[in-house]
């Protein structure tokens, strides 16, 4: 699989992703229409991917942000929290499915050392325990690297890899669907430098990262009230240490709705006034395309009407 | 004391008050600089006073709204809740002090029937019980009417009246300071038709009347959160029945601050979006002229900065 | 109508009420099964009625506490707030309906002076304005006193009185249903000295009066959270001035449920811990006998189970 | 360093830890007085450590739960959430400090491949980038395994390891304090099977894991109110996916105070009634031994007094 998918690649139209081709991240990027026919830069980690975006080497990077089993991807969350002027353009879901591969001629029962990325290993651990109880784990830096390593050294007998890997490497599949959780899914986001907002679609999500005022008991409650008093639901809240001391956290929050929805805009104003540091990461269509539901009293028209009312009474007009 | 204080009275410059001259309401109106030298219309109750304002007979009416002992004046609260397009221009405090008066020649120990407005009677009841244990109460329509009645009929022997009443009537004072609560005070408001807002002074109050959404447990809590999440304090909250059924209330609320203060404006927007019916009664200087205190994170600059931030991120500017 | 309804009256079985016979309060007391055949003491005001209870002259007193149009009865609320060790045993509703009565031979069109209790006058004002536009109001101390006065003096031409009054007085009815609000109703409570609680019926109400911590912005919100976090609805909240200064209030609150309901008991514990002064006025059957509705997660079993769970984990038992 | 510290080891007195000797976990266990002179079982991961506890092979296991830079340790949090009947006995802090070690004779400038546990690599990444810009990372399963690997294979030139490692292995130190964050610290907990609670010390922490009711917007807010309405502060809140679907989380929460503190017990009752699943992980002394501060109105005496009051009024005693 070529790293550059097309001949006519324009260098301002590079997309970075955790490679090589065939990884789950590659599968996520494969869902992006505007990335087709462009240059795809394979990188080693989320830091490199975002560096490409910041420096302008790539117009966007696809990065994993959350796994339904493993939780938030700390490296991604921390990078988004500390690198300014990034924007999420969209989110993409990739089912987590694994195969066990080996060099041709290997028999499943003879496998002893399994090369696997630690996260992949955690998600296939039960299968491996049951089927290969005396196996040993050799960690790899990516799912594809685990497979590739089989061709380079003789330490591992098999590797945990994404489906389809045998199309790219001279390996055979010993078992498929070896993931412990058949409904597992990883959520990816396409990240760019600050650009104009995508139009609201009615099925949008807004991501922010906010810190709490220091030494203020109950301040998380107060942060959440900014959303509840405007009828804005959260689809995600995760805490991450700020890093300067134990007990100091920032919160990664996904809200249902678009910043151009009045209730979301009003909630963000409340958060901005409250939080010593808040980052707006973008409003973008939800991967599931499900329309956001909200109580009618939080509709745009209600906000507009209230502003008109206030303007009128300040002007001294009859109510 | 003449009902019209001056010769040059212009009919568009009438002020209505619960008369006659000498009542507590008259004393409140006497604190209003712009009313000096104008025509003062003595009326019999708050309904007549507000009728004068609505019809244009008077530019404003002084009406009692709350007593520190007796509580809110229901008639005033209900009138303000049901007559549209009224505005409070200012508030005025009058200490509640009473004297006992009688026809010349009356001895205190011979007093048996005491004429008194019911509210005044309630506030002098302990003194009367102690000093005149066998007295009877004859209700009057106002404090001054109680005194005036002594000159018209022989039923009552004495009357509870405001200090200074003997300057206007041929009566003698049998006792002074007969009020049970020496710190009692009545709060009056000067009410006009909708006009432009007074400028913020930094020591302002904003009055509203709001109904709650029907059949929504916890909706009072939600109403109060509109204020607490913007750092707006309430100096008054009173419930009044809407009148259509038991258990349905509207709330009379005084907020600290002016509608041109950002935090107050934002709270009013929240109330407007939430409440099926909200009336703005005005922003006006507090009687005590004490500056409103609020936490710095609710300052106007914080609101302005947050709006600028939101505008910038919507426009795609670097954060 | 005799003041004592029966020969065998036992003085420890007196019931006090705002008389004389025929008043709305009398109609409320008439709904009380255990009062039948006992001595009924007619008194002049709520203060006397409660004095009878405190002194032991009566086992209970029937007093008006709220009117669907006029709101809470301040005198009752303030008396309950300041007299210790009273308990509400039950509540009773009486429709507010009025007739206009006069001495025999009086013609409606000739009526000029109308004797009426101020509250009754407020509730018939629109009818009187429309039908007798030039009438004058003479205040009375009770609805029945208004009627009785017609027989004693010649000042008033007619009186506003409760239906049925012509059975007790030699008067004729000039008009019926003269009340402005046909759905108006007054709520009465039967008050006793502290006694054992009535059993829960599933359709109960609990009344308390609570003060807020001084100088604590948002403390009303915190009080209400004691109820909302336990799924306890309020059917009434009214503020009354404490009386020592403007801006200091106590709150009269009716809760849905019985103090022996776990969620209500837990909420009262929360209020007690929070409030500098809270009075429990009783748990008693609702006048409308409607079962209290609440979310199942606030059921007694949920509270019991949680306590068992906590006890177990403190004891180190497996969870 | 011997795996068993003493000759007289009793198998019921084994302590499990992520080994081998010298790891940060070993340093944490070294702070536990009752573990001295007992058998220390070196295991490979948190799963094995907790298996030892559940099976009874060890009386307790020391496991890392949070890092001030990297955040919560997902494996530990998920294990505690899914294995019943575990109890935290205490918490221990270990500063995160690293050295770079190599086989004797290695020069720093010649190092190309660095063996390091992924978490350790993340915390020394900036130092390595600056000092060894062209290095490559080889992942290891633990910090000590990274060092040990140098003696077994020739792939890596150096390893990131804890200070003191050269006392146990025939390696030399190329650089010390190579951690990027000098204030970084890891928090460990000592976990046992359910036992009786440690006595409150006044400087305690209580750990729970709670799920939220499904499809209930604002339910996190409601969970947090269980604490705020009882004056209980949280020192930690982290979300972890439940694992069955995206968007379903459980919350790991540390509260200030002991379950035998009334306010904590009452809050736990509230959580139990609210949450479809709550696990109590223990009350234990804080590592920093700082007394818990709380507002006096949440003191034990206030809770006791309120219960006495409620009991009295239910019994019909005078208030």
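Just so it is clear, A, B, C and D label the chains in written order, and each chain counts residues from 1 on its own.
In the analysis below, contacts are C-beta pairs under 8 Å (C-beta built on N, C-alpha and C of every residue); 3 or more make two chains touch, one makes a residue touch a chain.
Model, not experiment: these values are computed from the prediction.
Chemist: Are the two sides of the chain A and chain B contact the same residues or different ones, given that same means over half of the numbers occur on both copies?
Modeler: Same: most residue numbers at the chain A-chain B interface appear in both copies.
Chemist: Once you find the CA centre of chain B and the CA centre of chain D, what distance in Å lies between them?
Modeler: For chain B versus chain D, the centre distance works out to 61 Å.
Chemist: I'd like to verify one number: the distance from the centre of chain A to the centre of chain D, where each centre is the average of its C-alpha atoms, in whole angstrom.
Modeler: Each chain reduced to its C-alpha mean, chain A and chain D end up 26 Å apart.
Chemist: Which residues of chain A are in contact with two or more other chains?
Modeler: 225
Chemist: Which of line, ring, star, complete and other names the graph you get from chains that touch?
Modeler: Contact pattern: a closed ring, each chain touching exactly two others.
Chemist: Determine which chains touch and list them pairwise.
Modeler: The list of touching pairs comes to A-B, A-D, B-C, C-D.
Chemist: Along chain C, where are the residues that touch chain B in the complex?
Modeler: Touching chain B from chain C are residues 66-72, 74-75, 93, 118, 122, 137, 139-141, 181, 183-185, 187, 217-218, 220-221, 224-225, 228, 233-241, 243-247, 249.
Chemist: Would you mind writing out the residues of chain C in touch with chain D in their complex?
Modeler: 84-85, 194-197, 222, 225-226, 229, 259-260, 265, 268-270, 272-274, 279-280, 297-298, 302-303, 305-307, 309-310, 313-319
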